[in-house]
Every structure is written in C-alpha cells, then in structure tokens.
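Presented sequentially are two complexes of chain A, the first with chain B as partner and the second with chain C.
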Partner chain A sequence: MSRTAWLRLAVLAAALAAPFVVADASHLNLLILVLMAAQLGVAWNLLGGYAGQVSLGHAAFYGIGAYTSTLLLLNFGVNPWLGMLAGGAAAALLSVAFGWSCFRLKGHYFAMATIAVAEIVQIVFTNWEYGGAAVGLTIPMSHDGWAWMVFAEKRPYYWIALGLLLATLAATAIVERCHIGYYLRAIKDEPDAARSIGIDIKRYKQIALSLSAFFTALGGSFYAQKELYIDPGSVLSTALSIKMSLVAILGGIGAMFGPVAGAVVLTTIEEITRSVFGGSGRGTDTIIYAALIIAIAVFYPTGVLGWLRGRIARRNARRAHGARVEALR
Partner chain B sequence: MSLLELHAVSKRFGGLIANQDVSFAVDAGQIVGLIGPNGAGKTTAFNCVAGYYAPSAGRITLGGQTISGLAPEACARAGVGRTFQVARTFTSMTAGENVLAAALLRHRRVGAAREQASRWLEFVGLERLAERPAGSLTISEQRRMAVARALATEPRVLLMDEVMAGLNPSEVREMVVVVLKIRERGIACLVVEHVLEGIMPIADRIVVLDRGVKIADGTPAEVSSDAAVISAYLGDA
Partner chain C sequence: MTAEILVQTLSSGVLIGLIYALVAIGLTMIFGVMDIVNFAHGEFMMLGMYASFWLFALFALDPMLTLPLTVLMLFAFGVLLYKLVIRRIIDAPMVSQIFTTFGLMILLRGVAQFLWKPDFRSIENSWVSGAVKLGAIQLGRPQLVAGAGAIVVTIGVYLFLHRTKWGAALEATAADKEAAQLMGIDSHRMFALAWGIGAACAGAAGGLLSTFFPIFPEVGANFILIAFVVVNLGGFGSVAGAFWAGILVGVIEVMGGLLLGPQYKTAVVLVVFLAVLMFRPQGLRGKA
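So, the complex of A and B:
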C-alpha cells in the first residue's frame, strides 16, 4: 500500500475512534458540525467545483431532505433511514426542475437564478400549513435508538455524520475516476470544445446537479434527526446556501478533500468567534468571522488545500534542489 | 455521392449575409482547403458543418445523412471532428487527459480511452508530453494536441480552423506532416486557412469564398490562376 493510502487509513481510524477520546459533549458537537459542514461542502463541490456551476441555492435541497423525511415520519410513521433516502430522491427530482430553469443561464446569472429558486422554495414552506409553515416541525423523542435515528447522547450522531461524509466522498471519487469526471472538467474548462468532442453539456451538468442535490438532502434529513426540530429559517435559509459554497470555495474548489479542509477551518473559526466574542448582542462574532473569511480569500486564493499543496510542493522542490547541489559537490 | 456535401448553404445574421448559396463537397481521404480573404465567411461555413450554427437555408449531409441543424455534440457523434482557431485546451488536465476526454465518446471505459489517447498523442508526435499540464505546452504543441483530441472522437471528416496560423516554418512543416498522415487514414480534411503557403502544396482541392459566396473550386493550380480569385485577394486593379 502506498503512503497516502496508509495515511488515509490512519485518519479514518482516528476519525472512527474520536468519540471514545473526546468526552466533552460540546467538543464532540463541534466535531459533528465539522463533519456536517464537510459533507455539505463535498456535495456542493460536485456541481460547483467539478462542473464549475456556482449554486447559491443549495439550501433548497437541504430543506427538501429535512422536510421529506420529517413529514414522512410524522404523518406516515416512515422510518427516518428510509425517509432520508426518499428525501434524497425528492431533491434529485426537484433538481431537474431547478436545472431546467437555471442551466439556461451562465456564470453569475446562473448563480443569481439559483438564489431565486431557493427563495421560492423557502417562501412555499413558510406558508404551507401541512409543512408546519413558519412554526416548523418537531420530531418526538418517543422512539429512540439506531432504528429511529434518535439518540440521547451525541456519539451515534457523530458516526452517522462521518458515514454520510464518507459516502459523499466515495461518490465524488467514483465520479472523478469515470467518464463523468472528465466530462465535467471539460465543461468547466472550455464548454465549446467540450461540445466538439461529443459532450452533451446540459445532460452532464444535470447529472452533477442531481448527485449534488441527493447528497445535500441526506445532510438535511440528518440535521432534522439530530436537532429534532426544523423550520424554514434553519434548513432553507440563504445563509445556509452561502455557507455550503464557502466551505468548498475556501477549502479548495474542485478537489476531493478541499471542502473537508474548508469545513475544519470555517467551523472552527465560527465556533471560536461565537464563544469568545458572541453573546454581546452586537454581532461582534459575525464581524470577526466575516473578516477572517475575507482574509482567507485574499491571502489563500487557491483555498486552504491549495495553499497546503503549494507548501508541500515548494518544500519538495527545495529538497530536490538541495539533493542536486549535494550530488554536484 | 461525396462524404461531406454542402447544398446551397446560406447563413444570415440579421441583415448580414455571411454565407450565400455555398455548395461544395469533400471526399473521404481528401484534403480540401477552404480559403478566402478576411470576412469571406470561411469560419461561418465551418461552424455550420460542425453544428455551432444552424444554416438559414440549405442542407449539409455526411455520408448521405443530413447533419445541418444538429447540435455540435450530435455532429461529433455523427462523425464531424473539429479544432478551433485558438486551441481551447482543457487547462485543468494533462495533455493525455485532454485527448482521453475525447476518446471517451467511443470508449466509455476510462482504461480503454486512455489507450486510445496515447495512440493519438503518438500520432501527432506528443507522446512524451502526455503527463504534462496541457496549459504548459507551447502554442504549436497545443494545436497538435487539439488535432489529436479531435481525432480521438474517431471522425469521418476533420475540420481544422487555421491550425497553421502563427506557427514558424518548422512548426508548419510538423503540422503538414500530421495533416498528410490524417489523409492516409482515409479521413476527410476540411482545412480553413488564411495563410496560403501551408495549405496550397498539400490540398487536393481548394474552395475559395469571397464575401460569403463561392468564387472558385478546383485544384490548387487552377484556383491560383483564376482571375476572380486573384482579384479577390489583390483587389480589382
């Protein structure tokens, strides 16, 4: 096995074992938030990173996931695990309408259209009585345990969030290695040339969007089960859409582990600023959080992962140079 | 019946007539040069064949099948390969991956497409650059890589848009060798050229456009002694 394979295995083992080491519930909760943000960023990256279509409306899919599983559970007693898959399917279906309307537009106009579509979804749910309207929906704690994805302690949530992240990463790895991955990069680089080699651009953008929507919705269903309460503000807000894109963009767009790096940095900054500067009621934490995001964007334009890779490449180049100098002596 | 046929193709952009009743044919294993002064409508005709424009009137057939009005990706599937005036390299990929992406059209498995890609890179003499980031290749190398990319879609007719423009004489010779090798494989070549030195010696036929209209069609020798062609290039004396 190669060195990177060992490294990945070691990271995976450490990630699986973390809940046994991290005893403090709030620290474990921070880790869960990182995993959730990473999973959403990785899902967003399928469309935004690989296909180069910047969506600022992904909260629509997240909300569809959360509402589908929750409504199925509350009204029909459907198991949340099945509800989660149903939510993913519903989001993938909605994404066809989303793509049909938004893919007519390119670049910034596409991004603006995605905001509009997500706003529409949010307004619909805010006014829809059956969906709890603005009051939201509460999941009862009466059934708990693995079968119903409701737990009194945090650890099971951690493992589920980790599982979702791994599943989303696995899907990304498969896409990256098969023809779809090459086609998406071709579309992002040179759409006209992509068509000249027989790529149906709309079809492949839609495939990327559907996959991205599916995994984003899984994250939404998971959120509902973890918080046991959802409303339009928590699962359909524009701020949420922006956060998903930020995680991927600041982490390193179009790279598999970029959003994971982005989620670690962004969630940590968010939670630290909140605990240190929050509670003043003056929004100091938000101001500092925003300033740090701007700083990352300005100083590390290739994202956290791009910066790390650049450092490693420079170090290796220095070493190779040193070795050549040695050999000449 | 020829492999590629244009029947009275016209293309209008609003009031501007870019092509007016243009008809010509390209046979398999033939190099046809499409020449003419600036603004003659060469690239427009080219874009009609490749599906980037739908002709306003007329019909284009490939092997007897109508392809005019098809989308570019459908034209590629039908057997029309093309290159662009600027190479339009996929810069996030290596040179090999650029060609691999095109080979996926006929070989969906990445492994099989990779084998095809290395064959086509070798065909244009770039096999040793396969692992290089495509954006780091020279202009001349990127042009040849674009030809390899178009060939990897296994076209019956290959459209090359000014592949020799801006190259130095030795690079033009390399490209000429590639074009001749393509003809040997029985692929029809339609070459748009603004500069005549590269295309005249190798073309089997030359089609001359001027102000959207075909003014001559024949062997290079016939065309270069044609009075209408001379006046189009040099102006009316």
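So, the complex of A and C:
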C-alpha cells in the first residue's frame, strides 16, 4: 500500500476509536457536530464544488429528510433507518423540481432562486398542521437502541455520523473517478465547450443535485434522531443553507476533503465563541463569529485547503530551488 | 369581496411596494455598478430605522425632520464599509463576495442586538400619525407619507444617475470599468459612491418606515428577501425597473395575503418570482 493509503487507514482507525478516548460528553458532542457539518459540506460540494452551482437553499433538502423520517415514525411507526432512506428519496425527488426551476439560471440568479425555493418550503412547513407547524415535532424516547436509532449516550451517534460522512465521501470519490466527475468539471469550467462535445449539461447538473440532495437529507434525518425534536427554524432556515455552503467554501471548494477541513475550522470557531462569549446573552458570540467569517472570506478566498496548498507549493519551490543551488555547487 | 376591500388592499400594496422599491434601488445600484450582491442591505435599512428611533427617543426630533440626517449617516456608513471591507473583495470569487456581505449581515444584526437589545421598539405620535379617509377607503398617514417620500427619493436617484456627470461616470463604470478608468474615472471612487447611495436609499426607507413599523435588530430579514425578488424582476442594475417591480411585488404580496391568508403572502411573492424567472430569466424588463 502507498503512504497515503496507510495514512488514510490510520486516520480512519483513529476516528473510529475516538469515542473510547474522548470521555467528556461535551467534547464528544463537539466531534459529532464536526462530523455532521462535514457530511453536509461534502454533500453540498457534490453540486457546489464539482458542478459549480452555488446553492443557498440546501436546508430544504435537510428539512425534507428530517421531516420525512420523523413524520413516518410518528404516524406510521416506520423504522428511522428506513425513514432516513425515504427522506433521502423524497429529497432527491424534490430536487428534480428544484433543478427544473433553477438550472436555467446562472451565478447570482441561481443562488437567489435557490434561496426562494428553500424559503417557500420553510413557509409551507411553518403553516402545515400535520407537520407540526411552527411548534415542531418531538420524537419519543420510548424505543431506544440501534434498531430505533435513539440512544441515551452519545457514542452511537458519533459512529453513525462518522458512517454518514464516510458514505458521502465514498459517493464523492466514485463521482470524482467516473465519467460524471469529468463531465461536471467540464461543465463548471467550460460550459460552452462541454455542450459542444455533446454533454447533456442539464442532465449532469441534475445528477449532481439529486445526489447532493439525497445525502443532505440523510443528514437531516440523523439530526432529528439525535436531537429528538425538529421545527422549521432548526432544520429549514436560510442560515442553515448558508452554513452548509460555508463549510465547503471555507475548506476549499471542489476538493474531496475540503469540507472536512472547513467543518473542523467552522464548528470549532462556532463552539468556542459560543462557550466563551455566549453566556452574556447579548449576542457577542454571533458578532465574533460573523467577524471571523468576513475575515476568512476577505483574506483567504481559496479556503483552508487552498491556503495549505499554497504554503506547501511555496515550500516545495524553495526546496527545489535549494536543491538546484546545491547541485550547481 | 367588495370593491372597497379590493381598492383598500391594492392601495396599501402600492404603498408598501414603494418602500420595497426604495430598498431594492440601493441593492440594484450596488449590483449594477460592481456585480456584488449585498446581503447586508436589509441591515442598512435597520440602521436607518434605529437612527430615526434614537434621534426621536433621545432628542425628541421627529423622524420626518431627521430623515436627511439619517440618509447622510447611512451614506457615510456605506462609503466607510466599502473602504474598509468591500474594496478588498472586488476581484474575489463570487462565493467569497457572498460570504463577506452575508457575514456583514450577521455582524450588523449582532451589533444592533448587543447595543440596543432584541426588543421591538416603535415611534409613537410622530408628526405623521393618524389616518386619512379617501371616500370609502382609509389609509394610514405614515404609510402615505412614506410612499410619497419613496417616490421623491427614487426620482432624485434617477435624476442623479441620468442627468449629472457623476451619474454618467457611474454608468460608465458599470458598463466597462477598464474603459471608464482610461477616461480618467476613478473606479474605486465610483464604487464607494454606489455603496454610499445604496446605503442611503436603504437608510431613507428605514427612516420612512420607522413611523409605522416595529424596529428590531432582525427587521431587515423580510425586506432583503423581497428586495432580491424586486431586483431580479426589475432587472439587475435598473433603477426604473426596481421602482415598477417594487410596486408590483407590493401588490402581489397584499393580494396573496388577502386570498390565501397573511401567513402565505411572502410565499406567493416567491412563487411568482420563480415563475417569472422560468420564462424570463433576465427579469420582466430586461432584453433577452
């Protein structure tokens, strides 16, 4: 095996074993939040990074996932694992309407149309009695254990979140390696050239969107099972849509592990500001969080990975230069 | 549904639409001149509302009297924001621009909450309180004055853009930055001017709204969404387009509220917006 393969295996083993080492429940919760944010960022990246379509309405899919599994569970006793898949399917279905209405738009127009779609979904759920309206839905703790995806302790949630992240990364890896990935990058960089060699642009954008919607919805169902309570504000808000894209962009758009790096940075910033400044009740944490977002967007527009790559490239260039000088002596 | 209710609803739709237009004009100008979508635009309006409120609460100055001051303060704020932040992201990728102005939005809301608490505030008994009876229909005087104010400001901005040298320079920068620069137009100055005027329009809208609308840190949230719709429908960068689209959106909103219930009025606007985008991605007035 190559060095990177060993490295990945080591990281995976460490990630799997982490809950045995991290005893503190709040630290473990932070890790779960990082994994959840990373999974959403990776899912967003399928559309935003690879196909270059900046969606600011992904909370619609997340909410559909959360609501589908929860409503199925509460009204028909459907197992949440099945409900999760149903939620993914429902989101993928909705994404066809989403794509149909938004894909003929470009750039800013596309981004704004996606906000509008998500906002409509939020308004509908806020007023829909069957869906709990503004009050939200509560999942009872009566059945717990792996079969019902409800746990009294945090560790199982950690492993499920990790599993979801790995599944989403695996889907990304497959897309990256097969023809879809090449087509998507062609569509992103040179749409006219892509069309001229016969790539059906709309179809491939839609494939990326459906995959992205499916995995985003899985994250939503998981959130519902973890929090045991959902309402439109927590699973359908525009702020949530923005956060998903922010994770991907902070990390480095269009790179497989970019969103993971972004999730680590963003979630850590969020939680630290909340625990240090959140107690005041005056929104100091929000101010610092926003200031950091602005600073990162202004000073590091290529994201964490872009910044790291730049550093590595500079270091390698220096080394190569040093070696040349050495050889000349 | 009687004719009175219809006329009453339509007129209040036009009046709120004029305010939407005023908010959207600032947004469309900034976009038209430099291709940046300002997510913090609703917060400019919020700051205008608070400026009116505090001048009223602390010095007992009427919002109508202090309107020019509010507009000037917001103009200065817009220019300052451009010089401090926006200037650095002109050539950045679109996503960085979105996140910068989005971050500004959260930041300004947070600052307002920090300084002025999340409470709802209102201005009671201003000069324009009361209602006006026109035949069978009755309209609030603050709304009428706000609508009239919005028309005046819009005409002012329109004349400034189309009748002055500064306006021509702005248009030139919007059309082709490099060519304008070769003609000796400093594009940074033009961008700063666009941000100043954009913020000033939002501030004017805030000042006019403050006499009849609750004032709170997140008040901009509803308006920014509507303003995006107005800018899209009117065509990015078009002041006249934003004006008519603003009125249209105001009317659609109140009619939607009347027919389906007030909780769905925003949804109706958004559905119409998506439907229009589908058939005319360039907006209602734009050329294909």
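Please note the rule applied: the second predicted complex is superposed on the first by the 329 of 329 C-alpha atoms of A that agree within 3 Å, B and C clash if a C-alpha of one lies under 4 Å from a C-alpha of the other, contacts with A are read in each partner's own complex, and residues count from 1 in each chain.
In this text, contacts are C-beta pairs under 8 Å (C-beta built on N, C-alpha and C of every residue); 3 or more make two chains touch, one makes a residue touch a chain.
Since this is a predicted model, take the numbers as computed values, not measurements.
Touch criterion met: A:His179 reaches chain B, while chain C stays clear of it. One of chain B and chain C touches more residues of chain A, and that partner is C. By the touch criterion defined above, A:Ser101 lies against chain C but remains apart from chain B after alignment on the C-alpha atoms of chain A. Of the two partner chains, chain B is the only one touched by A:Gly254; chain C is not. By the touch criterion stated above, A:Ile123 is placed in contact with chain C alone, chain B being left untouched. When the two complexes are overlaid on their common chain A, residue A:Ala193 makes contact with chain B while staying clear of chain C.
Touch criterion met: A:Ile242 reaches chain C, while chain B stays clear of it. In the superposition on chain A, A:Ile201 makes contact with chain B only, while chain C stays out of contact range.
Those residues of chain C lying in contact with chain A across their complex are 31, 35, 37, 85, 88-89, 92-100, 102-107, 109-111, 113-114, 117-118, 225, 228-229, 232, 236, 263-264, 266-267, 270-271, 273-274, 277-278, 281. If you check the complex, the residues on chain B that touch chain A are 50-52, 71-73, 76-77, 81-82, 84, 88-93, 97, 100-102, 104-105, 108, 110, 113, 146, 149-150, 152-153. Listed in rising order, the residues of chain A touching chain C in the complex are 54, 56, 101, 104-105, 107-109, 111-113, 115-117, 119-120, 123-124, 126-127, 242, 245-246, 249, 253, 282-284, 286-287, 289-291, 293-294, 296-299, 301. Remark: chain A residues 177-179, 182-183, 185-186, 188-190, 192-201, 254 touch chain B in the complex.
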